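Taking it in order: structure first as structure tokens, then the write-up.
First chain written, first letter: the chains are A, B and C, and each begins at residue 1.
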């Protein structure tokens, strides 16, 4: 696909926008519609578009399979870690209110971190799925 | 392939999290917490029961080395067992009808997700974590011959997620949470099954996936209808509000959807087609784990919904659930046992026998009296022990003989006496010979049938046990009285043999000392039958 | 006559039955997955429909309008989870199909069964 000028130019301009939009959805998730899921999928879509344009090997250089595996795990660990942290702070599992000096800030931090974990895992899972399917020798 | 499920399940869990955080985003959080104080970890055991295996799964992926991942999984599994035993002790100490309630995230039920542990699910938790620990001990040796070593860490991650899911279904007091955990456990179970050696493993996993997803979606549908009627998802709250609503058509459709959905997961007779294939072609240890836990937890879900949520009046007087479940249970007992007799593969034979045993459990449910339900619940425990033990014996055969086909077992009783001895012990328990655990559960089932005034049913239980004699005897005959093949056989590795013996000696122990199983199960049965309005 | 308010529920039922029919009647493993998806989507639609409150707006707090009617957000959130479950299931199912295709060279249920019988 890299030889098609129009596709290449459009993709090159679109991919940064898509990634940026993903970050907007991720970090705006505390205040309005959005959150880790949607952001993760959008971010992964950017990478997948990149892979479609410039080929799997190039995309694999951007995010190696092992790195993806680690990201998936880290996302879940971050999520669970917030839960354990709130126990440490004297609350129940995943009780964000105790994470900061007052409940509102605590909820804020908690949701932010949890959504970050979700976003990490979803992004990595989606990219990994694409790599695994696209990387098979004989696809249907 | 394992990776897929792992990814999948991780995503699911993340979804669960979002459900939790977003759902109550709008709600007011009233409770202000006191300043820092020493953390009392024992208060948080219900959350840790789920959180530990859940967090250990990604750690396994990070560790990557098969040995390390196994060590962690073993440790966490044993830890989960310790937690569930503690919880059971605590619940029983609370006395009749006592329950531990844990509010996730500090949100009060019925708005927040509640983990609610009473005698029934504490009992099931012990089974899930206990079997998981024992099977985990046998895993590395058995898995070596079935899966390349560099993919073992993914196996352990999927295994831990499956255990998380099963324990989660059991511990949670939130109907939608049951669905989420059900899918976590199912997705990882599909992946575990697909790791079998032959290509049939993948087709069986696919078949199970299609049926399992239909089952799960039906459950979701039923829960949705309940939510529509009552506006709540908390199980305790649901039962209160349903009692006020009574039997309108939506409630009945919800009950039908839930029973149909769970029956697929449970492999109740006409919906069992996924089970024999899945159990036969899965890796031996996976079968040992799933046979003892997955269907048992599904049985728990059925019991929980029928008795705790809908209650006996609605389920039995209005919808006549017994008129449906009784015949199906009897068909399972006879039909599946008959099919088991004609199997050429012993592992497959045991899988069919599982379908039959599920029939006994459902029979106990359908009787809906204390003895019957006690019998069903005790059988849940006993059957988990004996089937898991028997499938571990199959793991030994698969490792040493390379096959579990009946003709290959010729003379194996002489060549591997210790291993085959374990098989005979498990077989006796499966038949229900006095002094074994199988006898205890059948005794209570028979009593339940007689109390319900259905003596032909009692006869049916005894008759179907004779069919079990037939299929066990076939194996014993081949293994002891056929000429063995030539060549030396090495003794089965101790790391599999010892767990198998532990489980099967357990059936002997619980056949003689029934106070733990029957005591807990009858407490649970009284809770279920008496707790309904 | 179909009451307009129940329109969505009728669609749910139609979708659900279509999905179930496809799962049961089609021999192609990919088509089965599609049927499964249809079936799941119908349930998602049921939930989303029941979350609708007449005259309700999106459940984001409107400042300075205390008597705004909001739709019920809970079913939507639940369905977010169910959608993820659906995606995971689909991915897993398709990965099985890919492997079945690699092992058998076909994704027709009948052909696979025939190959297993013939062995």
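For the reader, a short list of remarks on this structure follows.
The rule is simple: contacts are C-beta pairs under 8 Å (C-beta built on N, C-alpha and C of every residue); 3 or more make two chains touch, one makes a residue touch a chain.
In this text the structure is predicted, and so the values were computed from the model without any measurement.
Listing every chain that touches subunit A and subunit B alike gives C.
Among the pairs B-C and A-C, the greater number of C-beta contacts is found at B-C. Chain geometry summary: the mean Cα position of subunit A and that of subunit B are 34 Å apart. The distance from the centre of subunit B to the centre of subunit C, each centre being the mean of the chain's C-alpha atoms, comes to 27 Å. Separation between the centroids of subunit A and subunit C, computed from CA atoms only, is 24 Å. For subunit C, residues touching at least two other chains, in rising order: 80, 84, 91, 95, 97.
The residues of subunit A that reach two or more other chains are 37, 129, 132, listed in rising order. Among all residues of subunit B, those that touch two or more other chains are 4, 7-8, 11, 14-15, 18, 22.
Contact residues of subunit A toward subunit B in the complex are 35-37, 69-70, 72-77, 79-81, 83-84, 86-98, 103, 107, 110-111, 114-115, 117-118, 121-122, 125, 128-129, 132.
Looking at the complex, you find that subunit B touches subunit A at residues 3-4, 6-8, 10-11, 13-15, 17-18, 20-22, 25, 29, 31-34, 36-37, 39, 41, 44, 47-48, 51, 54-55, 57-59, 61-62, 102-106. Listed in rising order, the residues of subunit C touching subunit A in the complex are 30, 58, 60, 80, 84, 91, 94-95, 97-98, 101-102, 107. For subunit A in complex with subunit C, the residues that touch the partner chain are 32-33, 37, 129, 132-133, 136, 138-140. Every residue of subunit C that touches subunit B in the complex is listed here, in rising order: 20, 23, 29, 32, 36, 39-40, 43, 46-47, 50, 59, 61, 73-75, 77-78, 80-85, 87-89, 91-93, 95-97, 99-100, 103-104, 112, 116.
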